[in-house]
Every structure is written in C-alpha cells, then in structure tokens.
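Both complexes below contain chain A, partnered by chain B and then by chain C.
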Partner chain A sequence: MNIRIIKDKIIANAMLILSVASVSFVFLIGIGLYWRAAPLFEGHTLFSLFSTSEWAPSKGKFGFYPFIMGTLWVTLIAIAVALPLCLLMAIYLTEYAKPGIRKVILPLVNILAGIPPVIYGVWGIFFVVPIVREYLAPQFIEYSSGYTVLTGGVVLAVMTFPILVSIVSEVLRTIPKELKDASLSLGATKWETIKKVVLKRAFPGIMAAAVLAVSRAFGETIAVLMVCGNVPVAPTSVFDAGYPLPALIANNFGEMMSIPLYDSALMFAALLLFFIIFLFNLVSRIILNRIEYKFIS
Partner chain B sequence: MGIKKRKTEEAIFKTLMVLACILVSSSLFLIIGTIVAKGLPYLNWDMVSKVPQGGFYLGKEGGVLNAIIGSLYLAGGATVLGLLISIPISVYLNIYLKKGSLLSKSAKLAYDVLFGIPSIVYGAFAFSIMVWLGVRASLLGGIIAVTLLIIPILVRTLDEVIATVPKELKHAALSLGATRWEAAKVVLKQIRPGIYTAILLAFGRGIGDVAAVLFTAGFSDNIPKYIDEPAATLPLAIFFQLGSPIPEVQGRAYASALILTIIILVIVFLSHVLATKQNKHKI
Partner chain C sequence: MTQHPLISVKDLNVHIDGHHILKNINISIPDKSVTSIIGPSGCGKTTLLKTFNRLLDDTANVTVSGSVLVGDEDIYAPHAEVTHIRKKMGLLSQRPYPLPMSIYDNVAYGPRIHGIRKKSELDVIVEKQLKDTSLWNEVKDRLHTPAAKLSIGQQQRLCLARGLAVKPEIILGDESTSALDPISTHKIEDLFVRLKEQYTIVLVTHILRQARRISDYIIFVYMGEIIEFGPTEEVLLYPKEELTKQYVKGFIS
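Take a look at the complex of A and B:
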C-alpha cells in the first residue's frame, strides 16, 4: 500500500479515537463527580439533602435547601431582567433597525461575552451594589447592605445579554419573509405582525435561548460570589442576601479536606450543577438545531 | 381597535425597543467606565513590572507581575494543548466524516453541551482528576482545568470557520488524488485567520476565568519556573486583593482589574481585525 494512504488511515484512526473520547467526556465528567460525591449518599437521602436547611459540615449536616433557593432566586431575577430587554432589542435589531446599526451594536454586545466574570464582579460591587443600597432598597425596606440576590441577579442578567441577544436575533432571522408579508398584506401593522406571527413562530427558539441563558446564570460562580452576600439562609425577598451553589463550592474548597464528607458534599453540589445544566443545554440545543435544520438547510 | 390606537401601540413598543437597545449596549461602557475610573488612579509601572515584595499584602511595595505572567503561562499552555486536541477533532468531524453522520451530529451536540458547562464544574472535575493522579495545585493542574474549559470553545469556533470553506475546495483536492489528510491540510491553510480567531477566543476565556483555576492552580508570589509549581493568576489576584481591608491593597485590585480588562479588550480588538481578514480571505 502507498505510504500516503497508510498515513491517511493512521491519522484517521487516531482522530476517530480522539473524537469518540471527547464525546464520551460528557459522561466522564458526570461519572467522575459522582464517584467523588458518592460517600455522601451513605447516611443521607437525596430528599434530606435537598429539603433540610442546616449546613454544619463539622457535625455532618449538609442541608442544601438554602443554596438551592439562593441559586433559584438569582437565576430567576436574572432571566426576568434580561429576557424582556433582550427580546425587545433582538426584535428591534432584526425587524426595525438599519443594517448599519445592527453591524455596530451586535459586535458591541458580543464584547460583553468576552469580559471575565471577575470584572463583572468588580463592576457589581462598585456600580450595582451602591445603587441597590442607596436608591432601590430604601424605597422598600429600612436597611440593606446592597449585597443581595437582586444585585446578583442584575449582574447575571448583564452577563447573559450576549447569549440572549445573539441567539434570539438568529432565531428571529429564520422566520420566513413570506409569513410576515402575508400578515402585512392583510392590513396588520408591523408590530401586530411581530406580536402575532413572528413571536408565535419563534416561541420555541426564544424559550430555548432563555433556557440556555438560565443555565449560564446557574453556573456562574465568581461574579455572584462577589455580590450576593453569601449568607446560608434561604432568601425571602429580593433584598435578602443569598448563597448560590457555585459560590458555596468556590468559597469552601480550601478547607474541605480536613472535615469528613465535606469534599463529597461540595462535589455533590458540582454534580447537581452539572446534571441540571447538562439537561437544560441538551434540550435547548436540540430545539435550536432543529430550527436551524428546518430553515437553513 | 382603531388604526390610531394600533399605531400608538406600535410607537410605544418601538420606544421600548430603542430604550432596551440603549440600556443593553450601554452596559458595556458602564462596566469599562467603572473599571477605568476605579483602576486608573492606582495603575503605575510597579504594578506591571514587579512581583509582590515583603509586606505586599499589607500595602507595601510590589506589583502583580507574578499574576500577569502566571495567567499568560496558564492561558498560553492551555491554548496550545487545547489546539493540539481540538484541531484534529474538528478536522475529523468536518472533513473526514460525511455531513450528517451519527458521530458528527452527536459530537457537535456534545460540544454544544460541554460549551455550556460552567467553569466551576470543570474546576471541580479537574480537581478530582488531580486528587486521583496525586498532582498538587500547580501550573499543570490549572492548565488541565483550563484546557478542558476551552476545548469546546475551540472546536465550536473551528467548526464554524471550516463551514465557511466551500466544499468544492475539498472535492477538488480529493479529485486530484489527494488523500483526505492532504485535503484537510489544504482546508486548514485556507482557514488560518479563523484558527487565529479561535486561539484568541480561547486564550481570552482562559486568561479571565477564576472558577476553573481556583483550586487547581494554587497561588504564589513568585513567577513559576517549573510546571509543577503553583502559579498566581490575574483574576484570582483581583479576587484576593479585593477581599483585603487595607485600602492600598484594594486599590491594587482595581488596578489589576484594569490590566485584565485592557488585555481582554486587546484580544477582542485583534480577533475583530482577524475576522475581517477572514472575510476577505474567502474564496
């Protein structure tokens, strides 16, 4: 056989192995984290881990409830702030704006995606925290340090802007022009067409984008850790401090080795994050891929 | 509903849209503005040219050169390692495999999913590998964690770039008797600017991430000489110094944040230039 063909075959096989290995990596992460978290399941049921609130590693008490609630609060606030804004922006950019404006604004928003989380954290401390402390919170309650789930939610919202704006605009762009023209020719205004035709058609894609943004917010660590206050009590209002799961992992990793089961508990938190984000990503990517296939190919 | 009312509704929503655009795009300037305003007064030559001296964390002499170099080593090492893994993968998925084959489809889905996995999970996973292998927190550990983090970025970006190359190029090469590997080399040459873009993206992500290096890279006041020594990173230096009650140390955190932001903006600018070049490079 020709040496060139042999070379081609060898390279092909090597790359096949590499590709398969990298795909199975998704499962490897899950298995690896489970392996480290497993000791926790002896003596703790899943239900008790999720539903109890006491966090006292030295006494062997691992209640994840406050952390799960903290994560939920910041994530929901983030998506509630970011989704309407980004939806409006994406509609404007795809339906109303001139191409010139789009060309300037979209790269600008994409720069946000490159800003490191720690910079968002610093910004949160010096910009969002004071606003919450001085202006927002005093309207509703007597005193707030400014380090609240609301602050975390706002910082996370800004972090999810790029992913939301870019995916939603792409989804909106896949809506066939004929569909819009049909609605316009029947006398609907442009806004009515957007409301009743475009958004209806784009709904699955928008939801998929929202789920992706939620999972981004879910796993964000350092920025949230810097602005949320980190009090291990389930928040009851937007002006309470919170302690999301990723912040729990990051804050305690140094000291975990000395206390039994502590590292398993933190690995369990990582496993939980991985599992939820894996599911969210899988579902929304499948939806988005389907949209792409339907309209582009 | 009368036409007037319908038009008013449209006008209201259009105003809201413009406001949303202004708010979202201004957030970038707000962030950069805050960092510059806070960091500029504390930025000086010592910051970028000296490692921490005695009493640095009490506000005495020194700079964050150790963290800057540590971050460059870490992100550089991870990017090289990541490229070695991800170029073959994207070549295989896009050039060797037929479009729509089960492996290429599931691999692309897997990378989309891996792209969304947060860096803290990669950090935790890399940490458990390190415990298993008996590796201490070191430059090597950090490189492993960051490599895991950036491989999905590299593969996805390369994927997109390879997709811009016309299929005819590959077919022409193959029809002239080239093997698939030789055809792949032709394609790789064609997408060179795109590869640089991918490198910059991955490098930028690697240099800015904290959660992945938090327990894998350790921290040190010295510039690491060997790969098994702990290494400081710029984001972590910001994070640590910010927690200090001493004003001078906090000031250095602001200055470090400014340095990091400048590095990132340079990377963004370069990749923008390259993206324009890639467009011109098109056949």
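Take a look at the complex of A and C:
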C-alpha cells in the first residue's frame, strides 16, 4: 500500500482513539465514583440517602437531602439573576451598541471570566454578605448572618455572567440581518423586532447557553463555599444558609478517613453531583431538540 | 413620463465606510408600474433600493445626503418617522426570510404590529393576501405549521404576502428571484405584473431578460451613477448611452 494512504489511515485512527478515550473519561469517572461510594450502600438504601436530612457522620447518619437542595437553590438563584441581565446586555451589545463601545466592553467582560473564583469569594464576603445582612434581609426577616443561598447565588451569577454574555452575544450575532430587515421593513420598531423575531429565533441558542452556564454553576465550589453559610439544613427561603454538594466535598476532604464510611459518603456526594449534571444535560438536550424542531426545522 | 412619479430622488449621495457608493442620484419613479434597476454587481443597485425604505439606517458608518420624496413626504427629513415610512413599502429580499413562526403568523405579523388584534379581521387579511399571492390553495390546510416548512418558492410568495398585509404603496424587490427555480421565478414575475395595477414596484435585478419581461421602465446604474433611465424597450433596444449599450450587449458585467 502507498505510504501516503497508510499515513492517512494512521492519523484518522489516532484521532478516533483520542476522541473515544476522552469521552470514556465520563464513564470511567462515573464508575470510579460509584466504586468508592459503594460501601455506603450497605446499610443505607439509595432512597434514604436522598430523602433524609440528618447529617451526623460520626453516628453513621448520612442524609443528603439538605445538600441536594442547597445545590439547587444556589444554582437556580444564580441563573435566575444572571440570565435576564445577560440577555439584556447581550442584546444591547449586538443590536444597539456602537462598534466602539462593543470593542471596549466585550474584552472587559472576558477579563471578568479570568478572575480566580477565590477572589469572587472574598468579594462576596466583603461586599455581598454585608449588603444582604444589613439592607436586604432586614426588609423581610428579623435576622440573617448574610451568609445565605441568596449571597451564594448572587456571587455565582456574577461569575457565570461573562460566559453567558459572550455566548448569547455570539448566538444573537448569527441571526441573519435580512431576517431583521424583513421585520423592520414591515414597520416594526427595533425593539419589536428583537422581541418577536430575534429572540424567538435565538431561543434554542439562548437556552443552550443557559444550560452550559447552569452546568458550570452546579460545580462551582470555592466562591460559593465562602459565602453561603455551609449549614447542613435544607434551605426554605433565600435568606437561609445552604450547603451545596461541592462545598461539602471540599470542606471535609481532609478528614474523610477519620470516620468510617465518611469517605464513601463524600464520594457519593461527588457521584450525586455528577449524576445531577448528567441528568440536567440529558433533559435539556431533549428539550432543546424539541424546541429546535418546532422553531427552526 | 406619462405617469406622475411616486418616488422622487433629488441629489442623493450615499457614503459607506468612506466610499462614495451613490453619486448625485436624481430620478423619478413612476406610479403603478414596474421599474427595474439594472447594472453590474457592486454598482450600488441594492443600496439605491435600500435608501427608499431607510434600511441603511442600521448599517454602521453610513451618511446619506439629499432627499427622497415618497408621495410628497421627504423620508429623510429630520421629523420623518421611520416605521411609518417602512410600512408604506413591502420588501422582498434575495432569499426568502420567513419569520420564525407559523404561516398565518407571518402574514399577520405586520397587521398585528400596527394594532389589529381581532382574530376575525386578521383571518380576512391573511386569506386575502395568501390568495393574492396564489398561495392560499397550497397552504390553507396548514396555516399553523412553521413557515420554514414551505418550499423556497412558496416561502418567497409568503414573504410577498407578508409585505402586502401592511397595505404598502410600493413593493421593493432585491433580486427577489435569484434563489428560486424557474417555475417559482415565473410565479413571482407573474405576481409582479398583476400587482402593478395596485402598487408601484421597484426591482433590482441582474437578469436582463427578466427586466425585459416584466418592467415598464429601466434604470441603468454604473459605478454609483445613473447612466440611463427610460421605458424598457428604449433602454434595452435603443440605448442612448455607450455604457448602456455595452452592458446590454454583455461587454461589461
């Protein structure tokens, strides 16, 4: 066989192997976590691990419900705060801003994405925590330490916003000018065009961006850990403290060998996080496909 | 001209990014007829068309000077309201761009924006416009399916129906058949000829045969200037200018 053709085949196969290997990490990590968490399943049913709230490792009681709820609260608050603001900002940057303004703002937004999470954590402690404690919480309840799921959500929102703004801007930029012209030429204003045509056409892309942001937010550890209180009780309002799964793992990793089953419990927390993200991506993928079919096709 | 002009352009100059795209344009486009703008690629045909409904407004670095009168309204006057101006003109672009919604909603989009909310009224408008564009029989059973599901020729007729639904006086076509197959092209051309009874139609085309088939008047644009303007037969068969002659014979393109 010709040497050039052999080379071609080698390259193609090498790339295939690399791709398969990288994807297989997903499964290897899942299997590895399951293997390390398995001892916990002797004596605890899966259901009881999910649904009970008592967390007393020294007594062998592992209820993950508060941590699951803590994760969901913080993440949902973050996306609820970030998404509308990012959407408006992206719309402004792509549709209204002069090129000069866009050229200044977008790089600055990207710098925000590069700031280490721990700095956001410190900023949260010195800026967001006091605001929640002194001004926000007293409007609604008697006392809050300021270390709440709301604080965590806000800090997380600020952290996710750069990536969300840049992806959504990118999505909006793909909307053909002619489509906007079609709406404008019917006498629609710019805002009507954006609301009824641009956003509708961009909806699947915006949702995909939100999914990506949420997936990242689920796993964000250090900044959230610093500001949301870390109390193993399921939050019932935005002014309660929370204890998300990543914070649980990071806080207790050092002592996980000191108590029986503690290491398995932390691995189970990791598995749970892994599973939540996996499920979330799967479900959103299905929904996205439906939306795309309905709007774009 | 025997007919009175609907669009009068006076001393129009357009610069985009420092390039002088349109130079001292003076033209009167007759009412209730088809006028084709012909000329080589990049000569400013499309830009000229877009000055008529101020679609250049949103392009960066554009300066427009001079005046464009539609009826007796100067659309570049400081107080002119752009949505009102655009409502008077339906635009048909090179490729169909159906809005991301159903067939029905595409046609109802314009009327809804301009304040018609009643379903019975909208129903009447949608049916009339789809009939006027010979689409009704093809789509009446699937009005609420996405417009993107139609064939490209049907989509283009839908875009025309959508434009007509806001009751314009003028139809602007920007090489509206260039993406279509011969049969769909023929349908659109037929529509233009039929619609000129009620509308003033201005088309940009680079297909000379098309210009000859359907237009009453021809504007020949070259390098941003109007070289010749007159009735179709005159411009195409007996051009006065040397440049027009060369273009019509295919020496310059």
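Note that the second predicted complex is superposed on the first by the 256 of 297 C-alpha atoms of A that agree within 3 Å, B and C clash if a C-alpha of one lies under 4 Å from a C-alpha of the other, contacts with A are read in each partner's own complex, and residues count from 1 in each chain.
One rule holds for everything that comes next: contacts are C-beta pairs under 8 Å (C-beta built on N, C-alpha and C of every residue); 3 or more make two chains touch, one makes a residue touch a chain.
No experiment lies behind these values; they were computed from the predicted model shown.
**Student:** Counting only touches as set out at the top, which of chain B and chain C does A:Lys98 meet: first, second, both, neither?
**Tutor:** second
**Student:** Which holds for A:Phe161: it touches chain B only (first), chain C only (second), both, or neither?
**Tutor:** first
**Student:** Touching A:Ala14, do we find chain B (first), chain C (second), both, or neither?
**Tutor:** First partner only.
**Student:** Is A:Pro176 touching the first partner chain B, the second partner chain C, both, or neither of them?
**Tutor:** The answer is second: A:Pro176 touches chain C but not chain B.
**Student:** Quick one: is A:Ser51 in contact with chain B, with chain C, with both, or with neither? Answer first, second, both or neither.
**Tutor:** neither
**Student:** Considering only touches as defined above, state whether A:Glu192 meets chain B (first), chain C (second), both or neither.
**Tutor:** Once the two structures are laid over each other on A, A:Glu192 reaches both partners.
**Student:** Is A:Leu184 in contact with chain B, with chain C, with both, or with neither (first, second, both, neither)?
**Tutor:** second
**Student:** Looking at A:Leu212, would you say it contacts chain B, chain C, both, or neither? Reply first, second, both or neither.
**Tutor:** A:Leu212 contacts chain B only, not chain C.
**Student:** Tell me which touches more residues of chain A here: chain C or chain B.
**Tutor:** Between chain B and chain C, B touches the greater number of residues in chain A.
**Student:** Could you pull out which residues of chain A sit against chain B in one structure and against chain C in the other?
**Tutor:** 189-190, 192
**Student:** Write out the stretch or stretches of chain A touching chain B in their complex.
**Tutor:** For this pair, the touching residues of chain A are 4-5, 7-8, 11-12, 14-16, 18-20, 22-23, 25-26, 29, 32-33, 35-36, 84-86, 88-89, 91-93, 96-97, 105, 107-109, 111-112, 114-123, 125-127, 158, 161, 165, 189-192, 212, 215-216, 218-222, 226, 246, 249-250, 253-254, 266-267, 270, 273-274, 277-278, 280-282, 285-286, 289.
**Student:** Which residues of chain C touch chain A in the complex?
**Tutor:** 53, 55, 58, 60, 83-84, 86-87, 89-91, 93-95, 97, 99-101, 109-110, 113-114, 146, 148-149, 159, 162-163, 166, 172
**Student:** In the complex of these two chains, what residues of chain A are touching chain C?
**Tutor:** 98-99, 176, 178-190, 192, 196-197, 200-201, 294-297
**Student:** How about chain B: which of its residues touch chain A in the complex?
**Tutor:** 6-7, 9-10, 13-14, 16-21, 23-25, 27-28, 30-31, 34-35, 38, 85, 88-89, 91-93, 96, 103, 106-107, 109-122, 124-125, 127-129, 131, 151, 155, 179-182, 201, 204-205, 207-211, 214-215, 235, 238-239, 242, 253-254, 257, 260-261, 264-265, 267-268, 272
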